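Two complexes follow with subunit A in common, the first pairing it with subunit B and the second with subunit C.
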Partner chain A sequence: MTDAVVIGAGIAGLTAALRLARGGATVTLVSGGLGGLQLSQGSIDILGYAPGLVGRPLDAIDDLAERSPAHPYARLGSGRVASSVGWLADSLPGVFTGDPTHNMLLPTAVGVARPTALAPPSLATGDLRDGASIAVVGLRVLKDFHPGLVASNISRVTLPDGGSVDATSAWIDMEARPGEADTSPLNVARAMDDDAFRRRFGDALARAAGDAGIIGVPAVLGIRQPGVWEALCHQVGRPVFEIPTPPPGVPGMRINTTLTDAVRAAGVRLIMGGRVVDHGGTSSRRGGGATDAAGRNRRFPARAFVLAPGGFESGALHVDSRWNVTERALGLPVSGPPADQPIVQEDYRGDHPLFLSGLAVDDSMRVVRPGTDDPVYDNVHAAGGVIAGAVRWTEKSGEGIAIASAVAAADAILKELS
Partner chain B sequence: MRSLETDVVVIGGGATGAGVLRDASMRGLRTILVERVDLGQGTTGRFHGLLHSGGRYVISDPHSATECAQETDLLSRIAADAVEMTGGLFVTTPHDDPEYADTFVAGCHATGVPVEEIPVAQALREEPRLNRGISRAFRVNDGSVDAWRLIWGNVRSAEAYGGRALTYHWVTRVLRDGDRVSGVVCHDGISGEDVRIEAGFVINATGAWAGQIATMAGCHGVEVVPGRGIMIAMNHRLVGQVINRCDPPGDGDILVPVRTVCVIGTTDTRADSPDDLAIPRDEVQQMLDAGEVLVPGFRQARAVHAWAGARPLVRDSRVSESDTRHMSRGMSIMDHRERDGVSGLLTIAGGKATTYRLMAKNIVDAMCAQMGVDRPCRTADEPLAGSESGVGIAITDRLRDREADRLDDQIICECELMSRTMLTSLLRDRPSVAFDDIRRQLRLGMGPCQGGFCAYRTAGIAHDGEHGDIARANGLMRMFLTNRWIGLHSILFGDQVRQAALDDWIARGTLDVEHLPEADALPSRPAEVEA
Partner chain C sequence: MTRADDVHDPPELMRDSLDHCVKCTICETQCPVAAVTPLFAGPKYVGPQAERYRTGDRSVDHTLDYCSSCGICTHVCPQGVKIAEINSQARAAMKKERGMPLRDRIISRPTLMGRISAPIYPIVNWTLGFRPARKMMQAVLGIHERAPMPVSAPRTLRRRLKKRGQSPPGSRGTVIYFHGCSAEYYEVENSLKVIDVLEHNGYRVLTPRQGCCGLPLQTNGLFDDSRRYVRRLVSQLQAPGPGIPIISSSTSCGLMLKREAHEILGVDDPSLADIGSRTYDVCEFLLDLHDRGELRTDFQPVPERVPYHPPCQLRGHGVGTPALELMRLIPGLEVEESGAVCCGVAGTYGLKKEKYDVAMAVGAPLFEKVRGMEPPVAVCDSEICRWQISTATEVPAVHPVALLHRAYGLS
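Now for the complex of A and B:
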């Protein structure tokens, strides 16, 4: 019997496992897949839009909590969000830069100035500043990054202070793997891990960028090898920044590796490729979980559980063909969407009730019956995207909710264990 | 205002209009087709894709059944590039009247529809997902058709004979010279200018919109009632052949494998307007139940898209019975000289995609008779452009093509194996296309991810092209995502929800497309239409 089983290996599950293990608990983390970090943009969003552009995310959380009591931030509060994000950043030295009290504006792969709170330095260098002269440079073999689109759009952005930037675009013709015309961001990142390739790329980049003061490239500057970005900046003699691509997203993969290593170093036992297939225990306490890792069922008894499997995007929340919404791992009761209405709106840009649904939780992230404060089980907590009340990708709040809820769940469990 | 002059104007870019364009052009008439949006954006692009063996009509409409059987046989040769002869089965499920099967077979024999009863065990071997409770099975000559390839094949053939098709040309006026229709005025939605086309004859092939055009010509009382039917595409071919319920025609009685998907259809409800077709949730449930009857477990499969089409059902109290003497039931030609005293205008509506060529022949025959032109129809005598080899569609075609060019080219749409060269060639030929036009011609975004990955890539490539204009690229990308959702919101369940959440995470989360600088420059609609 371990102290805690964490289900899910995204930023919520990994953060919960790290917090629990650092707090002295014995922890097993089980996950059906690789976790969602590779699908993310690779930065820590706290709150980007509410619904207007947010400059000071912690202040905006307090306003949001007042307006929307069903939002996860109403349970968590800005204080716990700030301390949790700060703790994770401190636990992974050198990975993130920035400050939870201020959003930066980082260009996306379509050239939108996207708000986010903390980011790896290679992304954060792209924080848009008035008067910047930017060259955006892509690789022709990489179809998931179009520098012309980025440059044309960021040239049209008006920054919150009224400022603007000037951007040009260029292509580099370089194969990431010999003979391959079509490649992925991950393949290019692997090629960049090789010094000779990075140097050839740097030479081409310096030429392509002309006399721009700062250079934007797709987020492909190395995956395993540290220091690729720093070496490139040094080589071209100007700041270079990375722009996240659609998945697979290399910055998220790097964070996933670092965070998983930290979790492992803290003594957590990791069971990957194990989907939860059963759970046992009494009516008020779960006794254990079972997974079907490696083709056979195994039981993982524990004193407490953190359910952090993600939302609809991971399949943890499921809709059947009659539009019933269920939580798949433990069969917990789901809050919303209303039964008598369509689960999504006809207009793509609408607010879709489906994506606001999920598990209801109390202040310690214990899963409760929707509309009440009654715990479903005394020892089951939730973290991250499975929690109801936020469309994380629209408001840019995914990592903030995940990290703060994971820390809150872990702390509640640690308190009970002691 | 630009001016053109021609022998014939065809209004409507569906299968019928394209067929008329080809037929008239092949008879040596200078012909121009005008379509208000893209070719195949109306009813022809919104059906289940069935090329009828005729079996469905042997009892209810024997004349149509015979025509279908003959036309399907013909199209499998002259339009091979647009057709997959999948074969089809009529099966008696536990929900069907067992008596109907013998009536059905007798009807097939009477109408010349080829049919062969096969053992149930044989049917289940061929289609292992089929309901194991079926009691009888009959093989028929069904196929499926890529409606857009069919239309473009007709247009390209017509072009070789001097015909032209003008897309995004919205008819705003029908010109009259006394009692004679003398042409049309169109609004060109791309250039924004108006175009006047003088013509000796106008053919109204606008299907469910035919009443609107007739009214513009001063011919009133042509009422075309849109019969709305919904269809749902499942993400792969649950069956390899067309599966029909062996029962009198009803809702949800057919499952058609078309290209990479299979389509269950359909319903039939009177709609108020062909431009506003709902996909009601109860009809979605009805289709899923119907799917369960044919393929148990259907509800566990993944629905990727739904759409609604408008059957053009003609109601016209002022047409005498003699007016339909040229045609079969189901298709209806209106002679406005007899009906309204207006010469130079014929309206055609009704019918089905399978018999589009025959409909075109009938109306061009009628037009030639009025024009005093004596030239026979030759559309059955030579293949459509692209079908010269006579080789039909196989689901593996693109896999073979990508296997050949995978080291030299990029795959922009992985779901449908659409290459970068396919895209850039089309952008070169038709610089003003919207992404949905690309979809109709190249299947961009029609697979399980529904544009999640390819919309961004296409925007980047379109913007890089010669005609790149950032406001337009932004507008096109956003319009594509918005339009894909129209076919998704009513059928979101199972793994397609997971996909939609991931797609949304990419588009709105990672890329933040919602906050693109405002964008437009998309095809414009006419400010007003004169009636």
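Now for the complex of A and C:
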């Protein structure tokens, strides 16, 4: 029997597994497939909109907690968010730069200024500053990245201090693979791992960027080789920054690989390729999860569980045609959506109450019956997107909630085990 | 074509899953073939996307044949889309439409090849090592002249077992050994080691007469023949009696029984489900013993540093990497995971003249890792992957059980 089974391999599951294993627990992590972390932009959002643009995320969490007691941040509190994010960043040396007390503004693939707290240096170099002159340079073989669109939108941004940025755009004509007219950011990143390719790209980039002070490129600066970004900045003699692309997004892949390697190195047993289908135990404690491995179900007996499978986007939360919302791995009771009002609105971009549904938790992220503080089971905790009360994609709060809830769940389990 | 009643229409079962595709591209990022060549458009394009345009037996995408059937795409899909299975079925339909090369009919029948070679093994081994003969094979049959070929053993496993005598009654129980056809003709020594290790742990090992599981036929699109092979194997493995665990030391053949005969060939036979539900990869079985505190750990030190490559087909089992954990129980043995996705050969894919270069490019990071460590041996669960690794790197490759065998002092 292992001490803990973590269900889910996204940022919440990986963080919980790492915290548990570093804390001395034996851990098995099971997942249906690769986690959603690699689909992320590769940065750590804490709180970006509440609902206005947030400059100081920890302060905004304290305000939010007062206003919305059902929000996961009201349970977690800004102190635990700051220490958890800090711990994860320290656990992955050299990966992130930035500071949980302060948001940067990084351009997206359509040139919108996106608030985020921590990011890899290659992204963080793009933090928009008043008076900067940016050249956005794309590759013609990369059809999902339009430098003209990015540059024109960046030029429209009014920074919180009233400042603005001047952006121009240019193309580079260069094949990542011979004969391929339409390629993926990942294929370009693989080509960029090769020094000779990177040098040719750097030469073309310096010419295309004119006299701009800083150069923005799609996030393709290497996937396996470290140091591609640094070498390119050195070569062109100016700061270069990466702009995350739609999936396959390279910064998310890099972070996923680094964190998964750290989890593996910490001694976690990783089992991918099975849905959680069954669970044993008593009415107050779960005994063992099971997955539908090839041929038969495999059981995973454990003393405690962290359920971190994601929300609606992964299928962990499911809504049927009668608007019943269920949690699919362990069949736990779901909080919300409210019964007395429409759960989706006609305006696609409106606030849909449906997305506030999920699992209710107590301060130690133990899953409780909705509206009470009664644990459903003594040894089942939740982390990340499955927890009710936040609309992560409009708030830009996904990673902050995931990391802080994962650390809180892991710490509660470690305390019980000791 | 007639089919038995218990064969469902395979495309329907797997096609249902394509609606779960959210176009996240996770499969595209992990596909080892699309990473090295634009000849394969990638699992998402060829699978859930192209499948929408396939009606009846009409093929819409010629790059499909460059899929190596390694199965990584299905394994990593977080939405449960059966990408590899959809592609295998579409390829079978495409080959039916366009005709099957003679080469694919030959290399998909390892028992036939083994049986022909066994009585004249020195001649076969010599011929396969003889450059002009290999050039001729490439010209006539389309089997690449540098592709890995197995070495026939002087005696088949069956003859060796006859000499070895019956397995003694075990203190823990009885298991059935499903060795796969390569073990019968080529990897005979390794099979004997598997039996030794199981016996050492208190099991009586039954080795019933057994044929091919039909996997090579399946990956080459010969579904009807493949179904016939797997059904015959199922009845052979049922012969020793009900409920006995079946231990496989061939990762891909075990997966055929556990999953692929049902999911790709559409065989709904309850006896297949019974056999699949009690089939264990040998390392999965041994690690389960260890987890229950039942594995013997009287290991002597093996002071070596070796690379371990978990083969693609192991991932399909959904059991993690049990070999890695077992080898880490051996004192002094330092095991480094390859970190590579695939060795490239993927069954019979890398043998084919037109696929060889792709297969070698797929395997390049693995070969680099193996060569860089300068190890005495490389370790991998799957036999064809071992032949690929040792042919490419000139480092001998062994099954993880070979190291357990040594550590137990059995060799």
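Here, the second predicted complex is superposed on the first by the 411 of 418 C-alpha atoms of A that agree within 3 Å, B and C clash if a C-alpha of one lies under 4 Å from a C-alpha of the other, contacts with A are read in each partner's own complex, and residues count from 1 in each chain.
Keep in mind that, in the parts below, a residue touches a chain if its C-beta (ideal position, glycine included) is under 8 Å from a C-beta of that chain, and two chains touch if they have at least 3 such contacts.
Please read these numbers as outputs of a predicted model, since none were measured by experiment.
> Looking at the combined model built on subunit A, do subunit B and subunit C fit side by side or clash?
Here the two partners, once superposed via subunit A, fit next to each other without clashing.
> First (subunit B), second (subunit C), both or neither: which does A:R369 touch?
A:R369: touches no partner chain.
> Report for A:K396: first if it touches subunit B alone, second if subunit C alone, otherwise both or neither.
Only subunit B; A:K396 stays clear of subunit C.
> Between subunit B (first) and subunit C (second), which does A:L149 come into contact with in this model arrangement: first, second, both, or neither?
First partner only, subunit B.
> For A:R177 in the superposed arrangement: first (subunit B), second (subunit C), both or neither?
The answer is second: A:R177 touches subunit C but not subunit B.
> Touch check for A:R299: first (subunit B), second (subunit C), both, or neither?
After superposing on A, A:R299 lies clear of both subunit B and subunit C.
> Applying the touch criterion given at the start, work out whether A:R207 contacts subunit B, subunit C, both or neither, answering first, second, both or neither.
In the superposition, A:R207 contacts neither subunit B nor subunit C.
> After superposition on the shared chain, which partner residues are touched by A:T108: those of subunit B (first), subunit C (second), both, or neither?
A:T108 sits against subunit B, while subunit C stays out of touch.
> Looking at subunit A, does subunit C or subunit B touch more of its residues?
Counting residues of subunit A touched by each partner, the higher count goes to B.
> Once chain A of both complexes is superposed, is A:S40 in touch with subunit B (first), subunit C (second), both, or neither?
A:S40 contacts subunit B only, not subunit C.
> I'd like to know which partner A:R67 touches here: subunit B for first, subunit C for second, both or neither.
neither
> Minimum Cα separation, subunit B versus subunit C, post-superposition (Å)?
For subunit B and subunit C in the superposition, the minimum C-alpha gap reads 5 Å.
> If you lay the two complexes on top of each other, which residues of subunit A touch subunit B in one and subunit C in the other?
39, 179-180, 247, 313-315
> Would you pull the subunit B residues touching subunit A in the complex into a rising list?
281, 285, 288, 299-300, 303, 406-412, 420, 453, 456-457, 459-461, 463-464, 468, 470, 473-474, 477, 481-482, 484-486, 489-490, 492-495, 497-498, 500-502, 504-506, 508-517
> Quick one: in the complex, what on subunit C touches subunit A?
20, 22-26, 28-30, 35, 38, 75-80, 255, 257-259, 276-279, 315-321, 325, 337
> Okay, in this complex, where on subunit A does subunit C touch?
31-36, 38-39, 177, 179-180, 183-184, 186-187, 190, 247-248, 253, 264, 269-275, 291-296, 298, 313-315
> What residues on subunit A touch subunit B, complex-wise?
For this pair, the touching residues of subunit A are 39-41, 49, 53, 108-114, 141, 143-146, 148-149, 152-153, 156-157, 179-182, 244, 246-247, 249, 311-315, 318-323, 342-349, 354-355, 392-394, 396, 398.
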